[in-house]
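Chain IDs A, B, C, D and E follow the sequence of writing; residue 1 opens each chain.
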């Protein structure tokens, strides 16, 4: 990095990392004097690290709970919390040939051998999947396998070990086989993905500038293309 | 103090650790023996191969095993045909993964133990009519019991602490493939620190006690007994 | 083929593995020596303690080390006072974490190597005037070189494959604390399989070559040289 | 019977190259300086030398041919007392002794049972001790017993009594001698003490630089080959005699050595029993007239058959007494004073006679 | 000087309990049956017995007192030839020999340098070999050399030549004897061959069940204590004589043993030089008249001072020849025939005399 460059380090939940990566590339092209470094892990891990003093400038969480908790703990810059995207849940049936809609989905799920979801305890997409299954009165689901996060959930299906599962719409580009169906928004509570700027950041100004970029039209288009809904 | 799933996780972990250790204690001695005695050119290559699981991060090892276990792969589909169930997300898959993962911990101490057995004693035993099997059971095993204990405890401990491979292969199914390490990490991730701490404390105390007992008992019989004789 | 961050990860990993191995090879021999010779009652307890890092899942070990290293804890704040930087999320923190994590792999092979040195040779050396240090450098070390090599390669390999502890303590900061295992996992997680496969292949090939060379060179000098003499 | 025809090279500096047939029954002593290849020879028979080339045939069964091992060494039914005791450190003495009992029945005729071994080697107080608690000599005895109890086909002993004290050595060699008489297998016994071999061996091999220098029947060898067997001071003749009668008052036994007779300490053998004797050359003096009023009981007469000068101005005189020969070592000066020549009749004063053993 | 007053228990079955002062200069032989505690004694001096109780004082410096180690064993400046060679397997012979040179300067007066050691022990062809390539006897010689080169204060040798052949043994003991004369430190030499000790020792300790049975000057002990030292067959007197002159034609040397003289093989010593001789009792015969026309050169006369019956109907007769005593072993029958009694003058025919060494 050039001496005059400002470096901001962003902790980002794994699911949003590819998208944020694209965004930061755009951003850096526009702002040559800034460099954005991404550090990704599961939301829970990042949260723990931030609580223990991790040197990040901002935190892109996969939920709204952790940013709020950090805000309560006084670790975030006041009024910096934004909702940058809404996660969208998709059902992927790998071996399924027919079309899926709200009438057939329950039958399909009942017949599925192994259903892969993210761990509801640790991943917001998992919680959403659980709400969907509850709505269909399929909870507790007997043949459930749980990925640690949404990426692992996809891998279980991708590698053929699970037949179907609830994944993120942002992952659609990786799905080459079978059928997908976007779950109606009403079936689960919105997956509100929020971000905050951390108080201990040395580069609040630059970070704030990046946050402004995230809310720009250009950025919103990229986020939308990646498969997220935009905050109202 | 513990939820039912925690207790199930403890049971599964112990079962997994015991079975893995047992199987490794059958599998590793022949490999270690061969490695410690062969003059073959491929020895050092096999040695390196055995050490490989150490180098691949467990999660990555788990990922590749997941590919291997998939019904789309020859191995996974053969297993499916034979047993009617997949390897992934099943206990047997965890066992296989753990065996891969802990193999170096079984082979290395045994190999160095075997290597240090005085060759003169082996010669004495064979001239006394001991077949290779008898040499093993009556001379080498008793003289390297210490290495066996070390190998077994390392395997056991390492399987208990295993996380990445199980995370990838197990699918975190409570009561079936959810082991302590994953339950514990789940607690940490979901901010249930109290439960995490208490599970960790029990794990540490239990393991410490077991190891202490093993090492303590073994030490009793040790002293300088085997030294300076030949 | 590799991105700049991948290359940085490789560099950091090698640096971490080398430094950790070096420090462990200084730290572990005295512990192993003490364990293999003491008649003290606390021996088996210390032995169990040394084996502990095996049992705690690495992510959990990393979690507790993170708590320990945090500026809120006495240790973390003392370090901050002394050096001006935190232990967590810095290279020095990774080194300390890796040392904890790989300690059993250094101590155990050394301990069993030391234990098997013929006590008669040590007696001979002391009557010949060798001080404890000389006994170590001129008799024990040459006779247990094999155990040292095993200990060092295990530590090295294990540090290269380390994932959970580094993830927790290091925070996956590219160019600073992101090691290969994490970069690799990142690729897998972001579904960049091509990059993941190529990084894994390089890692495996490199490690295999290094191990093969180490074991191969060592085997050359081995044979049955040390046997049946006393 | 054990037939050898072997060749072995140890890195330039040493080559073993020999052929020999070891007969069953009776001990073959193997004698030779340090480094002459004695242990290597036994290792070849035991199958412990991977580079061996040649044939080893035991009782018409090929154990080794050219570079091929045909009988694995644990199937050879050996007993091998190594030069180092090599006791199993994890087993106590008794378990060391009975180590082979798990797979070898040891029913070969004449072999000793465990009680006999423990008794003759005096091991009973040691049975529950572990090897590191034994003294050097005690370890060696246990190693000897362990090998004896495992032997089925051939017994190899490499300086089995080198660390044992003289008195035990006497007792043990006497027992081993008896054992070798009743247990008809090849016995190979390495020693660098010629007297030990005189006491127990039937045949003798003298080795030097990996080759057999001399080999044959002990009795005939002992009269020919002093230069190989012993320092001049230790030369001596071996004689065979027969018990004639006993004088219980003086505790003497009269032996017939052909035409003449000798008095020796009371022997525990019946009349007619053959015995082997050693007469050290330095203990025989020559006299032209029959000596009178002397404490020497044994005075023989014979004819000088050879006068061989030895190093150091002494002369070894061979005197024929009937069929057998007696050696006398005298000084050059005495030879000149008495003007001894071949064919001359002389009296021999025999000061000491050692009973070696009852003969075969 | 090395003063011991020690006690050690080995688990009920064995207790070592003794006090002794070992003088500097000259070898103290330690003799005793297997298991009598010889090796244990040396281990106590070397600091290798953790349970030792008592004091070990060397040159007024406490090495051990009660249960306390006061001088660590690597600081004791020992040379210790263990009963097993214990060579370092990772070092070749030369490196084994020079192992101690890194920290010990070995400048004590009279100590041999490495060239002397290699030459006298015949190690030069072995220097680059590794221990597993050596024969048993070769290993033992290297172990002996290694200890000699490390010694500063006390030399402990535990059966250092048990695996060495007779000829080397003769040469090496002769050298060790000379060395002990010029190198004034305490030498302790364990052996179960009394003749080896006769050749080199100045003092003798006879051990039995962990205790000193007998101790003292070798010359006087050897005349008193046959029952401990040797089987009756090996009894013998030690004599001290002085070289009077040489007969180079016959290769003989005349020795003065007080009032009378003896002829022995030519000795390489100057006139006036004192020598130590052994006269085996079985090689001395008694005669009432002076024997004539015999090959025996040495005929002494003396007076019977003691007639001691031995087991087995023989009698050990002690005859005073001036100041010194000679022993003769004869049969009961001869004693009766010649009607021998104390005080009677007799002629002694001495058939063999062994030169033990030049004396101190």
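Please note the rule applied: a contact is a pair of C-beta atoms (placed from the backbone, for glycine too) under 8 Å apart; a residue touches a chain by one contact, two chains touch by 3 or more.
Heads up on the chains, UniProt names are B, C = Molybdenum transport system permease; D, E = Molybdenum ABC transporter ATP-binding protein.
Everything quoted here is computed from the prediction, not taken from an experiment.
Following the contact convention of this document, B is the list of chains adjacent to both subunit A and subunit C.
Counting steps between touching chains, the shortest path from subunit C to subunit E takes 1. Once the centre of each chain is set as its mean CA position, subunit B and subunit C turn out to be 19 Å apart.
Averaging C-alpha coordinates per chain places the centre of subunit A 92 Å away from that of subunit D.
Subunit D and subunit E have centres, each the mean of its CA atoms, that are 26 Å apart.
Centre-to-centre spacing of subunit B and subunit E amounts to 60 Å, using the average Cα coordinate of each chain. Residue positions of subunit E touching 2 or more other chains, listed in rising order: 84. Among all residues of subunit A, those that touch two or more other chains are 45, 48, 152, 155. In subunit C, 63, 118, 120, 123, 188, 224, 227-230 are the positions where the chain touches two or more neighbouring chains simultaneously. Chain contact summary for the complex, subunit B toward subunit A: residues 63, 66-67, 69-72, 76, 86, 88-89, 167-168, 171-173, 186, 188-191.
By the touch criterion stated above, subunit B contacts subunit D in their complex at residues 118, 120-121, 123-132, 134-135, 138-139, 142-143, 224-230. Within the complex formed with subunit B, the subunit A residues making contact are 42, 44-45, 47-48, 69, 114, 116, 119, 121-122, 144-148, 152, 155-156, 159-162.
By the touch criterion stated above, subunit D contacts subunit B in their complex at residues 46-48, 72-80, 82, 84-91, 99-100, 102-104, 130-132, 139, 146-147, 150.
Contacts from subunit E toward subunit D in the complex involve residues 10-11, 13, 32-35, 38-40, 83-84, 125, 129, 133-138, 141, 158-159, 162-168, 170, 192-194, 230-231, 233, 247, 250-252, 263, 265-266, 282-289, 291-297, 312-314, 328, 330-336, 338, 340, 349, 351-352, 354.
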